[in-house]
Amino acid sequence: MRVEVSALNHTYPGKPPRPALAGLDFSIPSGQFVALIGPSGCGKSTLLRLAANLLRPTGGSIRIDGRTPAEINAARQVAWMAQSPALLPWLTARGNVALAQRFINGQNGGLPIEDALQRVGLGDIQAAYPFTLSGGMQQRLALARLLIQPAGLWLMDEPFAALDEITRERLALELLDLWQPLHPTVLWVTHHIHEALRLADRVLVLSAAPGRLVADLLLELPRPRDESDPRFQAALSQLRTCLAQAQGEAQR
Amino acid sequence: MKAPARRSALVAWGIVAVFLISWEAGVRLMNIPVYLLPSPSHILATLADNPSMYAQASLLTLGEALIGLLLGVLAGAAIAVLLTLLPGIEDGVMTLAILMKSTPLVAIAPLLTLWLGFGVLPKIIITALLTFFPVLVNVLSGLQRVDQPFLDLFHSWRASRWEVFRYLRLPGSLPYLFAALKISAPLALIGAVVAEWTGASGGLGRTMWLAYTNLNLPYLFAAIFILAAAGMILYRLLAWAEGRAVFWQSISREL
Amino acid sequence: AAAPTQPAPSSEPLAMTFMAGYKPQANLPFVGVYVAQQQGFFREENLTVTIEHSAGQGQHLQLLAAGKVQVTTQDAAVLLKRRADPGLPLVSIALIGQRGQQAYAALAGSGMNTPKDWQGRTIGYKGTPPPDLFAILQAAGVDENEVELVNVGFDPRLLTEGKVDVYPIYKSNEPYLIRSWGYDLTLWEAADFGVANLGLAYVTSEETLANQPELLARFLRAALRGIEYARAHPDEAVQTVLKYTGPETDADHMRFMLESELEDAVSPVTEQNGLGWQTLEQWQSLSEMLQQYDALPRLDAAQAFTTSVLQAAQEK
Amino acid sequence: MKAPARRSALVAWGIVAVFLISWEAGVRLMNIPVYLLPSPSHILATLADNPSMYAQASLLTLGEALIGLLLGVLAGAAIAVLLTLLPGIEDGVMTLAILMKSTPLVAIAPLLTLWLGFGVLPKIIITALLTFFPVLVNVLSGLQRVDQPFLDLFHSWRASRWEVFRYLRLPGSLPYLFAALKISAPLALIGAVVAEWTGASGGLGRTMWLAYTNLNLPYLFAAIFILAAAGMILYRLLAWAEGRAVFWQSISREL
Amino acid sequence: MRVEVSALNHTYPGKPPRPALAGLDFSIPSGQFVALIGPSGCGKSTLLRLAANLLRPTGGSIRIDGRTPAEINAARQVAWMAQSPALLPWLTARGNVALAQRFINGQNGGLPIEDALQRVGLGDIQAAYPFTLSGGMQQRLALARLLIQPAGLWLMDEPFAALDEITRERLALELLDLWQPLHPTVLWVTHHIHEALRLADRVLVLSAAPGRLVADLLLELPRPRDESDPRFQAALSQLRTCLAQAQGEAQR
């Protein structure tokens, strides 16, 4: 799905009010895999929440295939994965995933529960309750819950933050492997620059709060990507500098 | 958890024993006349002397109490659910509930007799009226107190109000529900007794009424002991059920 | 026990509810009904009677006026008050208590002999100070401002524990309890001061009276028979009462109540016209007393009672 | 939040109005006699005719109710705290609490009068006895339900039982405390009335008792209306205070 | 403080019981900075919880300066930072840190509140409540809470998981900078291999659950470390392979 963000502002109420996003402008063609990077507290989660219709922007607009987030949400075409796993404590691992399945209307594209749990490596503890799972396991469970939802737009908030490099890479491949055929648009918040470059078609860099767009770089590299490739290394160092600047502004 | 459980049971009996013994001692030493306050031994003797009478009366009263409690709980919970699904009417309905709650039962007892006759039905209704309010208030706040992250999740799923209720609020409100039950269970016993107090043809309430108006206190307190025992058993059962139902949130006592 | 004879074939079966005006005990009007039920006097009248009890207060009158109950019992003075306000259609069909039920009690040790001695003492009352209290005070020439009136519930222990000096009691009830605790009492009764008062009556509603005189007559006939039977066989009567009060009730207490109320059931009036009879001047003087001391609106005492049912009962 | 608030207030009054109107209509159409159930208009007229009398009575009764409520809440909360700090004695103390709760007030009211005289003190104590139990039960479960991560944190700090109580359990139990207050506030009013019901020289309870024994139902219900209004006001105040105190956990109604 | 772990086992009760640690054996000299790496769910947090006396091992023992975790906990010589921030919602950012300060007995070495908040970059939102903070901010607040506690042993469970690379590196430097003078022993769970190599004197690698020690490598490289240094690169690849193996076993 096409995502158009124009003059997007969000300021949280309160005294003092907290500006989280200040004038974002970008548009994402349908099916693009976009990584979102930025310093802590710069508004990444806020942006995803706006797209998922959990917040109304205080200024500007988001359009998804020309419709408002509310309309898209009503049509259940967006799958959102929060930064914290938010697992229901009274449901088993499987139960938590199964619950999500009640909320998908007919469209196909979502994984079967069994398959989703297998792919995130929780196939053998489906009966365990969330409070008996390790941090990383909880996050993987939340991921499985997203994977069963068929959607044209994936909003993922640091889905791998609590995972070790290896699991991380394996799941990244799994994910690409699911993404290729359906080709949903993906907004992927990550702090892992290599990961961003390994996965994304495009990387958006936000400044420190209130978030503004400080870099927008496209990667036309074939997947799987070869880190030794000079273009990869170039992109890498470019990103680092952007981020450093973004941070720098934060310090001022 | 077994050992500490047994220990605390011992402590429990110890405390009760101390209480009863000091009561007994107090009555004997200050030799308080029986028509003011009978001694526990006297009360228990009274119980022992009239087993069948108290058994029958208790059966009737406990029956009324339990059915009334059930009705009251269902009513209270149902209203709480309604108010969760239609939050607009909350203030209005709570106003009525409080109006109902503020009406002394004696004022409506005759009306109930008029409409429902002299049988157990009015007793049950009175009990229900007495028990529904705590359930309503507690369950309502239980249903309304939900963590934002979960609400966001359900919102992102475009869950209906009903689905949010069914899959999020309902399980989340269980701790409040059980607290309400623990409050209402003794209330139900009181309710049944008070209902019988006004001219019933049987039950502990009637026994107590007669005993009281004849200042026959041992019989009065014997009934009270039965009520207390019943209340205690109900409470324990509820606590046990609570542990089973709210397994994901351990009741922490060790720190 | 009188051998129950077959009901007269002519009379068709009737059913009614009698609600005693208070808890089960040996108040004479209650005893009459208990015994009549026990001895089958109602059955002989081909009458089925359901016996209920009121908590006291107003419930039985409400249910009577609403037609849920056909006959109940009520203190004559209260009956007049309820007729006046809120205007309940109550009618006395038989006056069992020919004298007032209440009296005023003090501990014998208190050194009070006449109401004059009440000056400066605390006097208890239940709810509202009853008119005969003021009547007594006036008759004895005591200024009501020189006594302290406190509202006490039903609780004679307030007297024995010295919370009040003078306490209103039912002659047939509390004296037994208090004496059983080892106290002696001095009693003052309104009648002793020429203050008219009356006791319990069988009461029905104007509607029932108009529509079911036959039923009332049968009831009254059987109930009065019950009272006479109780007079003849007090022990048996007490046993019958215990069936309603439960075995835990003190039989001697009930016996005391029965006997003292049997005494008050007889008066010149009843000796002349039979048990339960009532006359206009009895009611007239009561209502005058109430008007004087209880600010009761003037009302026609003649409407408050009827002897027609008793007459019908006394025939055949 | 302003607009919806005003709307729901409107709805509230609407619902109450509908209730009163249908009551009025019911009484008139089925012409129910006044000594069974007076019509709202009649009741309000009675109120309007005796403003000063009801004002005085209400003042006394509400005073007793509030002080009693305060005592009851303090007692209930104090016991709950004690049981949290000394969990060993929980079962025993709860048994006593239930014994106390199961004792009908009519049985103890006279004893209190014997010991404490005819003043307001016994009324206040009765009210306290009636209100402490919901607070005890609710606050206790509030104090016992703590999330494990927080307990671990305090444990890693080697916090004392008291510190865990003071800094973790206490704030965490506020939602339960307020639910308990909402339950107990109307109970307190009932309690004061019941206490005055026999042997008071003033107050709404006495007014109601007289009105009832004289079958003067308009006066009885006028008092009930006052109680209901007072109950409603208390409830609203508590709800407002709750919002202030438990600011971190929003009461969610919109989904 | 010296940490000795011998034949340490932990199995969580339940049906089926969950073995989390199986026979760990290692000892850490006082003042060593140890990074703990292992696949998701392998028992890292469990190990820290055992050291912090939040769990009793089902087998084997942990000794800290020869004493049991309980004794050390009683002496308040351990500072533990959980994987989830666990911030009290009714306290402000500052309040949450100030609370921790009630639980330190006299020893000096902990940072002043103000200073701690500054170092984690939350100096200007001390009055904000946790639920108004972003994921990363919450984690930094939890870190500040740890920094004010004087302790001979730091147990840190993925303290930077929710932070972007730059913030992460900056905080890492801050941390070293605090660590140098006091030189507490550090047990540091991380998923970030570079980070581990940049910070730690030693890296322990655990196998997939139930955790066993699969690698224990010492780094005698001066800090700040130069990633281009061949020894660094060697260590890097070595770690990768260990982890890959550890994972591999998990698959079997």
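The first chain written gets the first letter, and so on, giving A, B, C, D and E; residue counts start at 1 in each chain.
Following the convention adopted for this analysis, a residue touches a chain if its C-beta (ideal position, glycine included) is under 8 Å from a C-beta of that chain, and two chains touch if they have at least 3 such contacts.
Source: prediction; values computed, not measured.
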Labels of chains that are neighbours to chain B and to chain E: A, D
Graph separation of chain C and chain E (steps between touching chains): 2
Busiest interface, counted in C-beta pairs: B-D
Longest centre-to-centre distance from chain A, chain (CA-based): C
Separation of chain D from chain E, taking each centre as the mean of its C-alpha atoms, in whole Å: 50
Intercentroid distance (Cα basis), chain D paired with chain C, Å: 40
Distance between the centres, which are taken as Cα means, of chain D and chain B, whole angstrom: 16
Distance from the mean Cα position of chain E to that of chain A, given in whole angstrom: 27
For chain A, residues that touch 2 or more chains besides their own: 84, 131
Interface hub residues of chain C, defined as touching at least two other chains: 57-58, 62, 66, 154, 157, 161
Per-residue overlap in chain D, given as positions that touch at least 2 other chains: 36, 114, 148, 155, 159, 212, 217, 249
Contact pairs between chains, per stated definition: A-B, A-E, B-C, B-D, C-D, D-E
Interfacial residue positions of chain B with respect to chain C in the complex: 33, 35-36, 50, 53, 106, 109-110, 113-114, 118, 197-199, 201, 207, 209-211, 213-216, 219
Residues on chain B engaged by chain A in the complex (per definition of touch): 149-150, 152-153, 155-159, 163, 167-168, 171, 247-249
Interfacial residue positions of chain A with respect to chain E in the complex: 12, 14, 18, 37-41, 45, 83-84, 121, 128, 132-137, 140, 157-158, 161-168, 170, 191-193, 240, 243-244, 246-247, 250
Of all residues in chain C, those that touch chain D in their complex: 57-58, 61-62, 65-66, 81-82, 85-88, 127-128, 150-155, 157-158, 161, 163
Footprint of chain D on chain E - complex, ascending: 49, 52-54, 73-74, 76, 78, 80, 82, 84, 86, 88-90, 99-100, 102-103, 129, 131
